[in-house]
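Both complexes shown next keep chain A, but they swap its partner, so chain B is in the first and chain C is in the second.
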Partner chain A sequence: MAAIRLSNITKRYGSLTAVDDFTIDVKDGEYLTIIGPTGAGKTTILKIIAGLVEQDSGDVFIGGEPVNEYPPEKRSAVYFPQTYSLFPHFNVWENTTFAPRIQGVGEQEISTIGKEMLTMVRLWKRPDALPSELSGGMQQRCGLARALAANASVLLLDEPLRALDARLRIELRYELRKLVKDLNITAIHVTHDQEEAMSISDRIAVIKNGRLEQIDTPQKLFDIPKNPFVANFIGFSNFIEGVIVNKTDDLLTIKGTYDDTIMTNGEFNIGDKVVASIKIEYVVVDKQNEGGPNTFFGEIEDFTFLGKFTTLDVKLDNGRKIVSKLQSTIALSYSKGEKVRVKFPQEKLIAFEYPKFGLIKEVGV
Partner chain B sequence: MPVIELKNLTMRFGSIAAADNINLNVKSGEYVTILGPSGCGKTTIVRMIAGILEPTSGEVYIDGKLMNNVPIYERNIGYVFQNIALFPHLNVWNNATYSGRVKGRDRERATKIGNEALRLVKLLNQKALYPRELSGGSQQKTSLARALCSDTKLLLLDEPLSALDVVERMGLRRELRRLVKTLNLTAIHVTHDQEEAMSISDRVVVMKAGKIVEINTPQNLYNNPKKIFTANFVGESNFIEGIVSMVDGPNIVVEMNDGDILRLKSHGFTYGDAIVVSVRPENIVLEKGEDNRENTVVAVIHDIIFISSYIRYVLKTKGGDYLNVDVPITSNKRFNKDESVIVIFDPEKTCVYKKPEEGLPEVLKLE
Partner chain C sequence: MQISRKLDTVIGKKWFNKTWYSFIVLFFLFIIITPTVYVLSYSVTHGDDLQKYVFSDTKSITLSWNRSGDVNFSKYEIHTSSISDFEPSNSTLIATIKEANNTNYTLSGLSMDSSSYFKVKTVSKNASAAISNVPQIKSTTISLMPIIINALWFSIAVALVVVVIDFVAGLPLAWLLARKKFPGKRYLDVLVDLPIAVPTAALGFSIAIFWAAIPSEKGILIPFGAASFVSSPFLLVVLLHVAFSYPYMVRSLAAAIEEIDISYEIAAGTLGASPFTVARTITMPLFRGGLATGTILCLARSLSETGATMITLSMLIPLKIENLASTAGITGPALIGTIKQSNFLHLEPALAFISMILIISSILLLIAVKMLITRFKLPTQKVWPRYETLLSRGFVPKLKNASSFIFFFGIVIIPAFFIIGYIFSAKATGVDWATLQYSLLISLIVAAIVTAANLLLGIPLAILIARGKNKKLTATLDTLTDIPIIVPTAALGFSLGLFWRQPIFQPISYELLLIILAHIAFTYPFIVRSVSSAVECTDMSYEETGRTLGAGPLQNFRKVLFPMIKPSILAGAIMTFTRSLDETGATIAVIAKDSKIITAPVYIVDLITKQQSYYPAALACIVLIGVSFISLLLLRYVTKKVK
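And now, the complex of A and B:
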């Protein structure tokens, strides 16, 4: 086991800053996911920890020890890429026991390690199979067994599930977490898939343009995002742009761009331009006709069935379009064109400072 | 709006049947998705429809006409690939109108169709840009515009969204359905992504190992899967094996492997049948406590996972089985790790299947 500390890491490629003054602490035995859009610097960070890329400035610590000067093989951190290349002419057993073999470990111990690793990744029935005889998921599991057999205490996973089918990805993400927890190792996992990040991690670090935007548990990132970008990258949000027109203590009245009025809490002043966000799950849709604060009326424009949940596109009478996500069993009682009431619970509306470069640029939609 | 009919369509590669006796009717104006794991034969089928592959046996009909010996360029099909194949040295406009010019349309008509197609995919103001200057989503929209420019009424979409990021994928899947429906096209879309299939399609064809498992609307596939494979592949399910220990009118009493008893609808099963009970994680109700009543199982919360719209509780039953239960985040119910809970099964939301001879894991296998 090993804790990891990255302290003020910066990496530039020419005029492009891939990683920008990045500081993070990963606890011993923690499963941390780094998530961000393509080009955010996720892979560069992993490679800097592994020693495959050298940072321009800043320090990497593994297990409390500074490792800046260490070559990759001395860092006890294994980098596991998206498509892990197994030796095509070695079978599963030979691939898995490769690292202990070249480390000069004794025959009996190699046999013990190999069996343990293959049992863990559920390939113990296929030691003689060549990589070409395995499915994509099995190859990936064999790759994991090989990486883990090297006795690493830190696993650096770079989009390890991306090349697999959607349904298989769901299956393997739970296996991956179980494996890491059973082995008591520290894992840093890079992905752009928010659902994968949520289901697998103790904490998630959201990054954008090489900078850390927010790091927290999945639920806190979802419920208390620090900015509109995080609000729409971890879960999906409705955004209401407007100006503060009234303020009593910390209760704000926001005049929206559709001439609508919403109320929420926050630290702003009259005249401030803001954007309020609410997660699509927290938008309440019902058939009541009583009005009130943060309550609007509108018409259902469309349904999208997703299995467990169904999303409703609602066009409010003031012209604003809102998305609401309901359990499919509840969505069944509504139909296209139906008039509905839409409520934004005040405690679920979060007001942010209006982004400098506009909302679309900020949330990237 | 073309109608497509596949009759006993088979494609063999050596000893492997990539598509094995496929029968499928796609209605005019319908959006049909072929869903299945890698290597199940879904791409092989659209390639046979397009004329890229010559079937080993069986027939392809488009609008009632036999297509088997009709060359690919006379089938009038728009084809969109997973790997966005644009000409890198041509801008959006020239990529989109390429097929129109090849087909020798006059300039005026090609311009009109090109403008219309780019307007539809919302790329008119980017028509001078080159592929490398576009996001993945815009590149794929360009190839979609190119397919539309060929004046086709039949779109074949082979994993058109797989190469895109999540946010782009969600946006484009909406656009795809909207386009197909507003232009009155017929679409056959291949994917391995169950959520994509459900959200976009009128009907979904589930495939496994070259064969059609089941065809149905997204809602029916999800709520009443006819096959165990579907119950697991389209959405997730919990599976519990048991034996019918009693038949009681329209109901059966099922004794599960760990000794717990469930009273379920009979689904035609009788005394002594070995069965598999399947239930969706969101269709199980949890309550605090430990008293065992009818249709309940006692379990302990083993793990708690927050997945944006819902919280997944991983339970361990006293028999040692694991069950997944999903509770929406908007629900007030919350449970703690290691807490004892009562797991309540609803017979209305529980499917019962004959236990497969080859064993449950073999049938559920995803690859």
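And now, the complex of A and C:
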């Protein structure tokens, strides 16, 4: 039983508000990822749950119990920092059995737990090695064994894969999720790598400036972002700023800044200033010359080859620049300067209220 | 295990945490800082006394009387009073003289505008005998102010010259130790630290018999090989201070150079700069921090040194107030020691005034030097390739290295250990083993208690400074920590004595306790500095992970933080222990005149400056050096064992 609830948590450092009225519910056994740009308050949230940082206001509940007054060692939530913090003066075995030993568990049991954990992370051959003698991946696994040996019900992972090289990072993230799921531990994983978040999470919480922007399954976050920031932070989007000029039922006609007209659904009134967004994956590019709603013509300016996919930079005839991500086999059949047709499927175009402080400030591009 | 878990449930509580750290901060403020600078309040509370005994001229009076012919002679007692026809009693007694032949007594520090009357009582072994009014009084006038001002300038001049010499001579050696590999480097590394382990009192005697042109009537045997030509007090004191401060400069500079990534130098070299240009334009500007540390350490040490300076100066002229008026050659702390040893009737105002100006001027000087070093800029944009290449090749670097070696051995190592030659060539006479053993015992007890107290009370403050959440508080504490380092220990000792001798502290003002408190005050920063910087360098996530893995605060300290900062704790403990074993100024200044409790280095100073018994002093020096080395090795061994 280790559902976590943070209710109205606020933490300030001087004039800077690191966490701003933050409320979140994490289900028992859930693998939740917190994602956000650098300085968004991700680590502070983890440390507040662990009891390492004291919030200015708000409550933390672990397993339904208020833990505000509990010191870190009583919260049953293990913090796992990006450097793993393997104690340099202890070897693998001593590190792994640290928690049972300080809990005063008997020697027999310590030995059982230690063996079980080291077998689980495939380090049973190196119990005498010092952390400095291990590779990055082994260090990470040893840190994990140590955390799991504490028999904690919550694992707080602060960018646990950041220090690894790219390929290992991908291999280990699935292993990490599997271990956590097998032991039915509630995990909160902080990262700023959106691909990592998408691939291992049950749900993702997107935060910015200490505020929760949206929490949802990876797929919903991608398809139905709640605001332009999320639209561009989870995947990349094209943005079209404009004003509502017409409305029938909930079909909106938006007049864009490049004197272009697009149509989509949404709850706005005539005269509202809006931003429409579409993920680069959903922009259709072809060579047909038949016009229609949400359909434009332009020429290809540049390619970026990414392997299976390629992004195309297209300059529309009205001057607007659009990015599209296509399968490379299709994209590479075009050439630079070639005239193409660009189409925005209406159901993939999402209209947002125009951000208070401007689009650039909102999406940070 | 069970006990520590139980303790942790209490220690983990917020109220305990707050109470404990409040206690530590209060301890620091009221046991360390306040007594250290308490003397500054003296000018407010005792302005009249300062006016009467320091700013105005004072009288010095020599009393003489007829020798007692009594076979049962025990002692002369000297009594004084402001009433002409007084009855000698305990309250009028100012001195006792135990030698029948000694029929002179000089008393200094008397107010000019008051009259005093004197009587000498000759005490016989069976019964008290005749009381004689003193028939002959020779009176001279002493102006204390010029002596004090001279001493202040002397101190500052010595300190500045010493720092410059240390830097110029220390830089090449530091460079060699930090950047070069050569056979025997390991031994040189140990050798550099050696003078730090030699107690300064012993070092002072050693330096004096090596360099000083000692008048032959002193009857000191000068061993073969001594230079014996320095007759200027200034030069002699500079040579002494260079010998004990040089290792601090070399160590700070070497540490700073080592910290600088060598790839900057490699990059500059491959870009075409000659080694000299690289050193001047790349490395030197980067290690300003190390220069500041070294300079401040050396300045503070030089401004603070008492006993060894008294010893070396006493080789040139007897240290008496009357002599000081004519020669401008004593440092401030040594003046405190000299006055304390003399027959000064009104000690307190004089000592308080010297302590005050020493404290204030040391702090000002160090602030000025710190500002100068951080502001000072080497011209890095201008390069003279032809000359600098010349300086980098051929015989110039060789000459530079050779001369730094010659300096190190000729000015530091050989003079520092010259005393060993003396002990083998001098005639063994007059050693008072009982007092020597007693003083050594006191020294060791004091050093042990001081080290233990510092570890117990210094580590928490260090952790608070490094990890405290209230940045304003920690920054203030951090700055305050420097004060006991900067304040000359003789001034600190006097100030502390003044503080603890206040009537309200009467029940605890035992001599031994005062010595311990004074030693704690000036060594406390060493532990705090060394541990707090180690804690700051340790990634906080180790402790955080430890806590979330279930360790309570105490367990977490024992198992996680302590093993990682152990070397720094050890270094701080060794520093505390040796400095306490070594200290003269604070001890001399804090103990009452004619105190029965004496530490080994103060005993050495006493033997040389007061009793002129040189062989016993040299022997005491050798024993003290031995004890110091052995305790260092023991301490190292013990701290390695304890996990």
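By definition in this document, the second predicted complex is superposed on the first by the 363 of 365 C-alpha atoms of A that agree within 3 Å, B and C clash if a C-alpha of one lies under 4 Å from a C-alpha of the other, contacts with A are read in each partner's own complex, and residues count from 1 in each chain.
In this text, a residue touches a chain if its C-beta (ideal position, glycine included) is under 8 Å from a C-beta of that chain, and two chains touch if they have at least 3 such contacts.
Note that this is a predicted model, so its numbers are computed, not measured.
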Practice problem: For A:Pro81, select first, second, both or neither according to whether it touches chain B, chain C, the two together, or no partner. | Solution: second
Practice problem: Could you look at A:Asp193 and tell me whether it touches chain B, chain C, both or neither (first, second, both, neither)? | Solution: first
Quiz item: Does the superposition put A:Leu52 against chain B (first), chain C (second), both, or neither?
Solution: second
Quiz item: Is A:Gly210 contacted by the first partner chain B, the second partner chain C, both or neither?
Solution: neither
Practice problem: Figure out whether A:Gly298 sits in contact with chain B (first) or chain C (second), or with both, or with neither. | Solution: neither
Exercise. Go through the superposed model and pick first if A:Pro228 touches only chain B, second if only chain C, both, or neither.
Key: neither
Quiz item: Between chain B (first) and chain C (second), which, if any, makes contact with A:Ala99: first, second, both or neither?
Solution: second
Quiz item: Intersection of chain A residues contacting chain B with those contacting chain C?
Solution: none
Quiz item: What residues of chain A sit close enough to touch chain C in their complex?
Solution: 47, 50-52, 71-75, 77-81, 83, 85, 87-89, 98-99, 102-104, 146-147, 150, 152, 156
Self-check item: chain B residues within the chain A interface of the complex
Solution: 37-39, 165-167, 171, 174, 192-196, 198-199, 218-219, 222, 233-236, 280-282, 305-310, 312, 326, 328-330, 366-367
Quiz item: Which residues of chain A touch chain B in the complex?
Solution: 37-38, 135-138, 165-168, 170-171, 192-195, 198-199, 217-219, 222, 234-235, 279, 281-282, 304-309, 325, 327-328, 364-365
Practice problem: Spell out the part of chain C that touches chain A in their complex, as residue ranges. | Solution: 1-2, 5, 8, 12, 539, 541-542, 544-553, 555-556, 559-560, 563-564
